[in-house]
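We just call them A, B, C and D in the order they show up, numbering each chain from 1.
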């Protein structure tokens, strides 16, 4: 019993979220509609407390608990803070969004419960250190997000998005778990550290193809979650169909979780993956295809969310360039890129949500003319978009710079060059949005000309924009933090 | 309980059977048009995983039971996936009166 | 010590002031557009004073730089900082003066515009980033500001977005320059990986000591040059600059003539030690520069849009600077940059004044403006003379120095092409002058009137600069040596001795060009003018002259049809005929080049863009919306990969 | 048969059969508790759930002429490749087998199983409970008939 109580200290942040999730569920069931107004503040409060608890408890000591399946180290703390902070911002956006949707409003308690489940799953993912934990927390992230994607029940698009996400997701899960079973079979272990030890002791990466096929099949599962081509098919359809707020969730928290899991799996579990040409080749293939397909297919898109889907595929590709090398620099390049990506993505989606809310359209056309009606928001939007292209002096630039540097150091100059060229292509479609904002007149109801934005959302957008700039102005802080978070076997 | 050991059952046989199941499941997922059919095929694939895990557990780590534990969680996940999947199917059926995946394609391009 | 602190502070302030201006104006531009214009003009005025002071400090106390460590990664560290030396302070003065005058000018020029305030907001942001670019002491920082000025340029070209052509031009400019920036980015990465630093001084030190292999130097300098090609609109990425003329004229003057486009030249100048270490890179630079110079100059001859003529002229002059640097004429190239900034800004602002008065950009619709707009005319002519290299004006000294350098060093081909370009320059500039200001009043010119004071004062100031700026580096007062020493940037400068021969040739050619254009344009429209009788008494028949131009204009439209008429006419008057053959040949060639430019280069650029877009569209068909199809692709990829793995694996 | 049966209900019953076979394998592999779980959870609830769902949706049964799409050959090919490759690999790689033959594997008692599950795997177990709860709540939300649709709203979804 005493062992248990010590262990529990380490999962306090997760427990707090779980507590608040259940509280929300119970309150909404027993108190009912009257309580809806308080649900969002409760979730914000819960996340905030959890965030505080990360700082209060066990920030510095590295320990593995629960039969070494759960690890508290700098890596997991970094991701916990990262996930909690972005979900804090995210939840605040749900405030205003949920008012516009009847079904979300009708099942508000369940809505927040499921979102909190996703958050717990993401946090557990970053801290999990064995295959079972990885698998089950990945599912905890996915299953609620399948449901959330279909939350707009009478909207055919939303339903279809949910179905596609679900079928392909379950399929990817099946492949992933088959891969896990092969990894387990080849090494006889499920703990990532034990796997790494077995691989080193028995030199498995060179002679055991069960292991390699297992790793590749697992990578397929992860690649699906991060939306890397050619396993990206769900992404555009789901992004377009799902409610915008859920699209935001899928591109931010789910993605962070999948990347955290992938980093754990590759760097801790298959720690010598750099030595296996097959695994590296597979990663390179993924990133190459993602970068090309993502950027090219984004060009003809008219729908903002669909465009962002392809753009996120491309970003996944850029991040994967960082995976092709196994040193410290590469790993923290991935962190920095992720930080930048999440900030600018949240920002861009939040602006899009404001636009959608006023003008009831997700088309790029709906952005027309906001440069003059809402100069501040559109300046922020420019910052996010330019940052996504990877131009200085914004966060995306730093991320791309570091990732490309890692690529060049690993003799993948050709991949980096393709990356740079495709990022020029990406300029075209991002600038297209800017063009609509500034150089196109809005041809709709003139009463919808000015985008209504609550003070709170403007405040958050400002914070995100400042963050996007500050990553380049004072990168040392971010680099220091990310550097500490690097994990290895 | 002892088997009369005329035929020595080796690990490879179990793995091969699992691979067969996995292949059949794959085929089913790829060809069927009924969503529930696809769901059934995915169940087959997950069963292949289960056989894999338990066979590995029996042959490689008979003392630690890790594979069996893994299998339990796979079953749990499979159960919840089926539940969610059927809910999604039901709600899509209400709206469109079809569950044919070939006809569910308004989102594309 | 105190002095050092002073310099440091001043250097920090210079880009900061317009940036503060940007923030202030951004916050209030909607309500107080008039105040915004005044505030920003005052801010840029302060910049001028500070820049002048920093020049004084650097001149008396020597150069100084300051840096702070930005971040450390592994064995590398990147620092941020500012460098104040002769080169950067020279640029500071040029940028801030032109910027100030353009601010002043815009108050008059833009006052009717609905987004009057916003225009100044953009201008402030541009000034801040351009000054930051100039002061950067490492490549990364330079790249950051480099992109920022690109962004401002994008916003300002598309300022009148109601015109579709304007927003298209903005996009084209942004994208085309980005193509060059890709090269620059890779070049910077390459340098960083090979030297572990991005600071200019460090890199040049390593280059000088021979720590970096020759191939790396060549590769990285050519890649860096790609950035300059894009930004300074060199062949083959020059296509954006003529289109960029869709922006407001003050913008063209500031960004697309004097400062931003010169950033490419500045980059090459700044990296000169690097380029100098690689003869191949120097050759590439020189060839591209000289080709662009003559290429653009020949296109300028047939243009009829006043701003496009100036745009091609800018491309040509930038090519001049680039080729000067490529030959090793470091001082001459940068000297020309400085003088060019003044007189080209003058010309653009003058053309803005003309456009403001007549409301058209077509020179064929103008005429006789000399009577209506005295100040504009005279300042414009000063600028044109300066650009043509008329003796004792600014352009003369700098152009002469470039040509003299080429001549002295035995690069006769470059000299010949350069001199011929000078001839063409004089020709097209005076064609412009004579058509616009000379001749009789056209319909549109009738109601023209002189522009307000805020517009003419900058013109006068710039005209003064266009006359005297050349004396800073004029050879006969040994100014070139002093100037060279001032901006030397840590390299050994080969001083050009004053050489009579190339000077005479270039002046003669320039005069010939002016003469030619005079004969072709001036005499036709104002035949009874006193100038006509005084200078060219041997042109007797008015009809004959009129016929030349009639003929000439038809040649432009249908070169083949009137060929016989040329022969016919050639018999009548040999001298005129000779001149006309030159004229006609040039016109045909330049027409051809222009077509080539439009058809092939533009075509290629557009083709690439379209193909990329179409491949996106084609790929789009893969996204059928059918789950089974998605699933099978996922599985097929796995299966193919695994079977490949198995085949390659030897059991 | 699961995947070829035209009638979706038939194929569900075939699925029961094949799941029973899998359970047999479990018994052969000395995982008797899991075999019981397999029968109870899979056959007892999952398949029954599916059958329920089928009846609820009242899908046209059996008269669909074209149950599979037009990528049969390609799909068969892919599946075969996967199967063949995996089998080749399995028969050519020596895994670190600790027990040579199935006859030497000892049977796992339920008690042993529970001890391991609740000591080493507590955390995943708890997460699994959260997962099930989330799935349950989500399914209810999705499957619930909205009042705007029909009036006879009864929460009939059970799992």
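Assume a contact is a pair of C-beta atoms (placed from the backbone, for glycine too) under 8 Å apart; a residue touches a chain by one contact, two chains touch by 3 or more.
Being a predicted model, the structure only gives us computed values, none of them experimental.
Asks: Looking at A-C and B-D, which one has the bigger number of contacting C-beta pairs?
Replies: Higher contact count goes to B-D.
Asks: Counting in whole Å, what is the centre-to-centre distance of chain A and chain C, each centre being its mean C-alpha position?
Replies: 44
Asks: Between chain B and chain D, tell me the centre distance in angstrom, where each centre is the average of that chain's C-alpha atoms.
Replies: Inter-chain centre distance comes to 5 Å.
Asks: With chain centres defined as C-alpha means, what is the inter-centre distance between chain A and chain B in Å?
Replies: 27
Asks: Residues touching two or more other chains, restricted to chain C: which are they?
Replies: Touching at least two other chains: 620, 623, 625-628, 631-632, 635, 638, 642, 646.
Asks: Can you list the residues of chain D that touch 2 or more other chains?
Replies: As it turns out, chain D has residues touching two or more other chains at 69, 71, 74-75, 78-79, 82, 85-86, 89-90, 92, 95-96, 98, 120-121, 124, 128, 131, 134-135, 138-142, 149.
Asks: Of all residues in chain A, which are in touch with two or more distinct other chains?
Replies: Chain A, residues with two or more chain partners: 132, 136, 139, 143, 146-147, 150, 153-154, 162-164, 167, 171, 185, 188, 209, 213, 236-237.
Asks: Have a look at which chains touch which and call the overall pattern line, ring, star, complete or other.
Replies: If you draw each chain as a dot and join those that touch, every dot ends up joined to every other.
Asks: With touch defined as at the start, can you tell me which chain A residues reach chain D in the complex?
Replies: Spelled out, the residues of chain A in touch with chain D are 4, 11, 18, 25, 66-67, 69-70, 103, 106-107, 110, 113-114, 117, 120, 124, 132-133, 136-137, 139-140, 143-144, 146-148, 150-151, 153-154, 162, 185-186, 188, 202, 208-210, 213.
Asks: Tell me, which parts of chain D touch chain B in their complex?
Replies: 2-3, 8, 11-12, 15, 18-19, 22, 25-26, 28-31, 33-34, 37-38, 41-42, 45-46, 49-50, 53-54, 56-57, 59, 64, 66-69, 71-72, 74-76, 78-80, 82-83, 86-87, 90-91, 95-99, 101-103, 105-108, 112-113, 116-117, 120-121, 124, 128, 131-132, 134-136, 138-143, 145, 149, 157, 159
Asks: Can you list the residues on chain B that touch chain A in the complex?
Replies: Against chain A, the touching part of chain B is residues 15, 22, 25, 29, 35, 38-39, 42, 45-46, 48-49, 52-53, 56, 60-61, 66-67, 69-70, 73-74, 76-77, 80-81, 84-85, 87-89, 91-92, 95-96, 101, 104-109.
Asks: Using the touch definition up top, name the residues of chain A that touch chain C in the complex.
Replies: Listed in rising order, the residues of chain A that touch chain C are 163-164, 167-168, 171-172, 175, 209, 212-213, 216-217, 220, 224, 230-231, 233-234, 236-237, 278, 282, 285, 293, 296-300, 328-329, 372, 375, 379, 386, 391-393, 397, 401-402, 404-405, 408-409, 416-417, 420-421, 424-425, 427-428, 431-432, 435, 438-441, 472, 475-476, 479.
Asks: What residues on chain D touch chain A, complex-wise?
Replies: Within the complex, chain D touches chain A at residues 85-86, 89-90, 92-93, 95-96, 98, 119-124, 127-128, 130-131, 134-135, 137-142, 146, 148-149.
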